[in-house]
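By letter and in written order, the chains are A, B, C and D; residue numbering begins at 1 in each of them.
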Amino acid sequence: SLSTQTLATNLPPDQQRAMLRRMLTIRRFEERASDDYVAGKIYGVVHCYIGEEAVATGVCSALGPGDRIISTHRGHGHCIAKGADLNRMMAELYGRQTGYCKGKGGSMHIADFGIGMLGANGIVAGGIAIVTGAGLAAQMEGKGGVAVSFFGDGASNAGPFHECLNIAATWKLPMLYVCENNMWAANTAAAQTHALGDVAMRAAGYGIPGVVVDGNDVVAVHQAASHAVDRARSGGGPTLIECKTYRWRAHTERRGQPDPRNQSEIDAWVRKDPIALLEHQLRQQGELDDAALKAMESDILGILEAAVAFAEASPFPTPEQASDDVFAA
Amino acid sequence: SLSTQTLATNLPPDQQRAMLRRMLTIRRFEERASDDYVAGKIYGVVHCYIGEEAVATGVCSALGPGDRIISTHRGHGHCIAKGADLNRMMAELYGRQTGYCKGKGGSMHIADFGIGMLGANGIVAGGIAIVTGAGLAAQMEGKGGVAVSFFGDGASNAGPFHECLNIAATWKLPMLYVCENNMWAANTAAAQTHALGDVAMRAAGYGIPGVVVDGNDVVAVHQAASHAVDRARSGGGPTLIECKTYRWRAHTERRGQPDPRNQSEIDAWVRKDPIALLEHQLRQQGELDDAALKAMESDILGILEAAVAFAEASPFPTPEQASDDVFAA
Amino acid sequence: MRELTYNEAALEAIAEEMRRDPKIFYMSTDALPPLLKEFGAERVRATPITEAALTGMSIGAAGPGFRPIVDWRQVTFCFVAMDQIVNQAAKIHYMFGGQVSFPILYRASVGGGGQVAAQHSQSPYSMFMNVAGLKMFLPSTPYDMKGLLKTAIRDNNPVISFESSRLMGRKGEVPEGDYTIPFGKADIKREGSDVTVVALAWLVHEALAAAEELAKEGISVEIVDPRTLVPLDADAIRRSVQKTGRLVIADEAGPTAGFSAEIAAIATEDAATFACLKGPVKRICALQVPIPYSPILERAVFPDRNRIIAGIREVLSGAKAAAA
Amino acid sequence: MRELTYNEAALEAIAEEMRRDPKIFYMSTDALPPLLKEFGAERVRATPITEAALTGMSIGAAGPGFRPIVDWRQVTFCFVAMDQIVNQAAKIHYMFGGQVSFPILYRASVGGGGQVAAQHSQSPYSMFMNVAGLKMFLPSTPYDMKGLLKTAIRDNNPVISFESSRLMGRKGEVPEGDYTIPFGKADIKREGSDVTVVALAWLVHEALAAAEELAKEGISVEIVDPRTLVPLDADAIRRSVQKTGRLVIADEAGPTAGFSAEIAAIATEDAATFACLKGPVKRICALQVPIPYSPILERAVFPDRNRIIAGIREVLSGAKAAAA
């Protein structure tokens, strides 16, 4: 859109290219993870973020290293956007000792507290209160840090969302509540479970801003997040940002599961590919050409090959290690 | 207020006198219960509704016998307003076999499913989902019944309130959500725990009406409830009604507990006595005189004496009965 | 006889009961396609992801005469509803002096083995056993599943159907049409004389495999499947132990304050049973840790036929030691 | 030595720790006046009635280095937070491979006796024992309370302090200043030789009264107070039973899959202990029912010194019977 075009031109091309790279990395990482899952090298369950890359990328590009986020069951994108190490991510998916969780967590539980990524979470809305505690910690630390809760449209109907929005608003916690409204919760349409189409409307009940953003427009997401971050850092309290987006793939990568969504809906959203949109914008600004894109692509694929190699070369945990880490020393 | 004066005159004097009688009955019942609690004849914990009688009375006078309500830990008023038997109520407080719960429940758990009173509840916000299920039942029964959730300002910050408002709005359940905002949750001021002063603002997030009413004006409460009931019966879905009111007494009747509220705040609300207000309105209409009031008073006291006599004459449960009623046949 | 999977048996029981009784309706965060297709969206409701609200709503719909089924799906999702389960559903009948009944079925899959890590690999039924006022069962076969589910749906109390995720696809003989299995009746899945193994769900099958193995050495294993956890058939368990004199308990859950501890207690607090015990009881359970993701770790945590065999050998040798 | 009540001992421990470590802060639905007065509203926070949110927030504040205390107040109020307790607090350290620690103290009063009926008279610690990843304790004296609370606050894991509502006003000697009591160490509250009584909290005192009574008849009772439930001092319990040969377990909670079952199991699954057992174990617990309101009913539900005495007589006679 033209408006975003203008927005985009406000961002330095390097930053735009960095965002493109992040989004491409997320997508290629998950394409590989999905293949390796089907190949039996990755276990359990894998939820892909493909189609929603602009949300995590746009929000996290508005954060500093000292800021903290929490993720959902669909967590790869948030990890990568916050700067997680791809080797340790892949090694975790492969169930190896060198993984972020030493093979104890898997796809649904990747965390890296060192970079302020407080973890993926297998319970819908389960992370919202945890990261609100990180927002309280940031406020008490007094260093201007903020905390970001990513959650889905489905999670927005759960009690913790309401409880935490009220606490954050009352205590003016430096928080962003980022709803990834991909219109579906597993196999149930948001339209069936939400009284209103816009989750952002809930903000009014707590006297905080509620913003609706095109979640496939990384620049628009970045701008909305930047404003909310400024507000939070300056003691203005929390903001609810609803990003309208869509999940391209089935709820999980397990093959042969039912997917009630109709193809035309999926196709329409694939045409709104967030990566293609930014690519197009960069080309229009004369800041990206085929060569540069090709280089970026192959660079990313190389890094992912290396991550897989790292994972495959890493040892599995030993049976004895099942008894480690129940309690901290 | 004049506006209510006009409202009042829309109601038949008999109905206004019936409301006065209800409110007086609640107050005298609790004054007696409190005395008997201090005297050691009533056990455990007792929460008094005194000062808030107009809420339960105004709402329940807009309901039919087939409609269902749920209460809170502060339940005597809701029971009496829905038409509970004072003998069985008092016998329950006295812990007798003839009590509503055979002595198993006490003050926090009086219920009478026969009259659509689904119970007091000791867990804050614990009843909201239960009565929302009764709203679903009413919708499925298709007989035009409605269900009413009474809850406090404190409960309005808890997850179930949010979850149920969304479900009721989405399914257009025939529900009234009646928030008794008495400005305090135990010893914590609502101002400390609510982002906004009006709980009714939360309704906007679900696209349902949110109404603020003077909770000490029984006629105003009745009118607001009547509109919401009409809406619910005709398939319009739920309404959130916030009644501004105040608890005259400490959080519980246990003596010597701290009460951080300052006396001037209490006094100001005592001057807004809901019973005195309706009495005044009836007198202005020429529908109540000293004699009628005196008769009503002594009639109520006589009924309460009889209730206490019934309770005291009733047997305590036997130890063996502790093992009854765990499961239904 | 016709065979169904454990999961198909459950769906058949529910569908048959829903045909029989129009007061039954079903709530879950995704509607099960076969039920939705047959009974429609009014009776088979896809809901917001609010297990707490659904659990409470089932109580408020049951009081006035409906018979709700709430499918929590994986048991881990019911912890958000724990207040409604422990403080409301379990207590409301007693607390209100039994004035009305609350016929509700809650469904929850339990167990691990799918490398879905700690949050999605849980067997917490013992936590619910500890709460007075809830009935619950955990079937090991499609046959038991259908018969117990029908009993549960007709019961006038809140009942939890724990269902083993490991067994969902497992086939077994299931009669067409109506039959029920009473609560509180254990099933002897295999008769034996040397040692009693009390096992649940998937471990019943592991125990059967262990028994086959040991039979080759002339060790005769009796396998008792309690099927219902509350009410629990203590008599059947005690009878078996009185016969064999030895007790092994096999459970996919961790041991601490668990089902396995309860079985050890009901055997050893009973004078007649204690008098027959030839050696210490043995619990074969998961390690008392959250369940890890990586397959090697996960296998190390869960009990299986080999650990059951080792446990049986231990109690037998222990007994010998004592005899010697 | 100076005497404090059980409740005062708790407050003193918390205040001393908060003075020592500025990273400690306190959240609860009402602020405790003495703590609020000394430490102010930033460190002693009155919150909305959202135990689930508080419990989750404590995890998110602990990860980055704070040491939160969340006072659930009555244990019944923590069931709304069960997902955050079971799925998050208990598992997060393990699930994330131990990359950071989560030092959190949760406080919860337990028990009955106040005629506050089913929802407000609960002793569900066994449910939490069944969950891997949580430490917990339940003191019986003001001295133990102060020492265990300090250990808990300094522990780098989620720890639940269960506190007996019956004992809140009970006085006992408490040293001024700093001391700690290690987790996993039982305390022999009375030495004896004929029978071991493993008891918790209020029932430690009932057991002491029972022991006094029986001493007059020359029956020597040893009373073991585990104090910490997780980790549990199994060795101390087994040593005592090996010495006395008889085991009675006294708990204010119901028996089913409870603390009492676990104690029976750890005694009877240990070969050396089993070999010393002269008779069946005995559980003296609450009836397995929700707790009723009326005093007569409530008294009928809870165990007390008389039921402990009867239980001890039973195991002693049972033993004789076996011997005869």
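Heads up, the rule we're going with is that a contact is a pair of C-beta atoms (placed from the backbone, for glycine too) under 8 Å apart; a residue touches a chain by one contact, two chains touch by 3 or more.
Predicted, not measured: the structure shown is a model, and the values here were computed from it.
Using mean Cα coordinates as chain centres, the one most removed from chain D is A. Just count the C-beta contacts per chain pair and the biggest one is C-D.
Chain geometry summary: the mean Cα position of chain A and that of chain B are 46 Å apart. Distance between chain centres (mean CA atoms), chain C to chain D: 28 Å.
The mean-CA centres of chain B and chain C are about 41 angstrom from one another, to the nearest whole unit.
The geometric centre of chain B is 37 Å away from that of chain D, both derived from CA atoms.
In chain C, 47-48, 50, 52, 76, 80, 83, 87, 94-95, 117-119, 132-133, 288-290, 292 are the positions where the chain touches two or more neighbouring chains simultaneously. Residues of chain A in contact with two or more other chains: 101, 103-105, 109, 121-123, 126, 157-160, 163, 166, 170, 192-194, 326. Remark: chain D residues 25, 42, 47-48, 50, 52-66, 68, 83-84, 87-88, 92-103, 132-133, 135, 156-157 touch chain A in the complex. Against chain A, in their complex, chain B makes its touches with residues 157-163, 165-167, 169-170, 192-196, 201-208.
Residues of chain D touching chain C in their complex: 52, 76, 79-80, 82-83, 85-87, 90-91, 94-95, 117-119, 122, 124, 126-127, 129-133, 230, 232, 253-262, 264-265, 267-271, 273-275, 277, 279-283, 288-290, 292, 318, 321-322. Remark: chain A residues 68, 70, 99-105, 109, 111-114, 118-119, 121-123, 126, 128-138, 140-141, 147, 159-160, 163-164, 166-167, 170, 324-329 touch chain D in the complex. Listing the residues of chain B that touch chain D in their complex gives 43-45, 95-96, 101, 103-106, 108-109, 121-126, 154-155, 157-159, 185-188, 192-194, 258, 316-323, 326.
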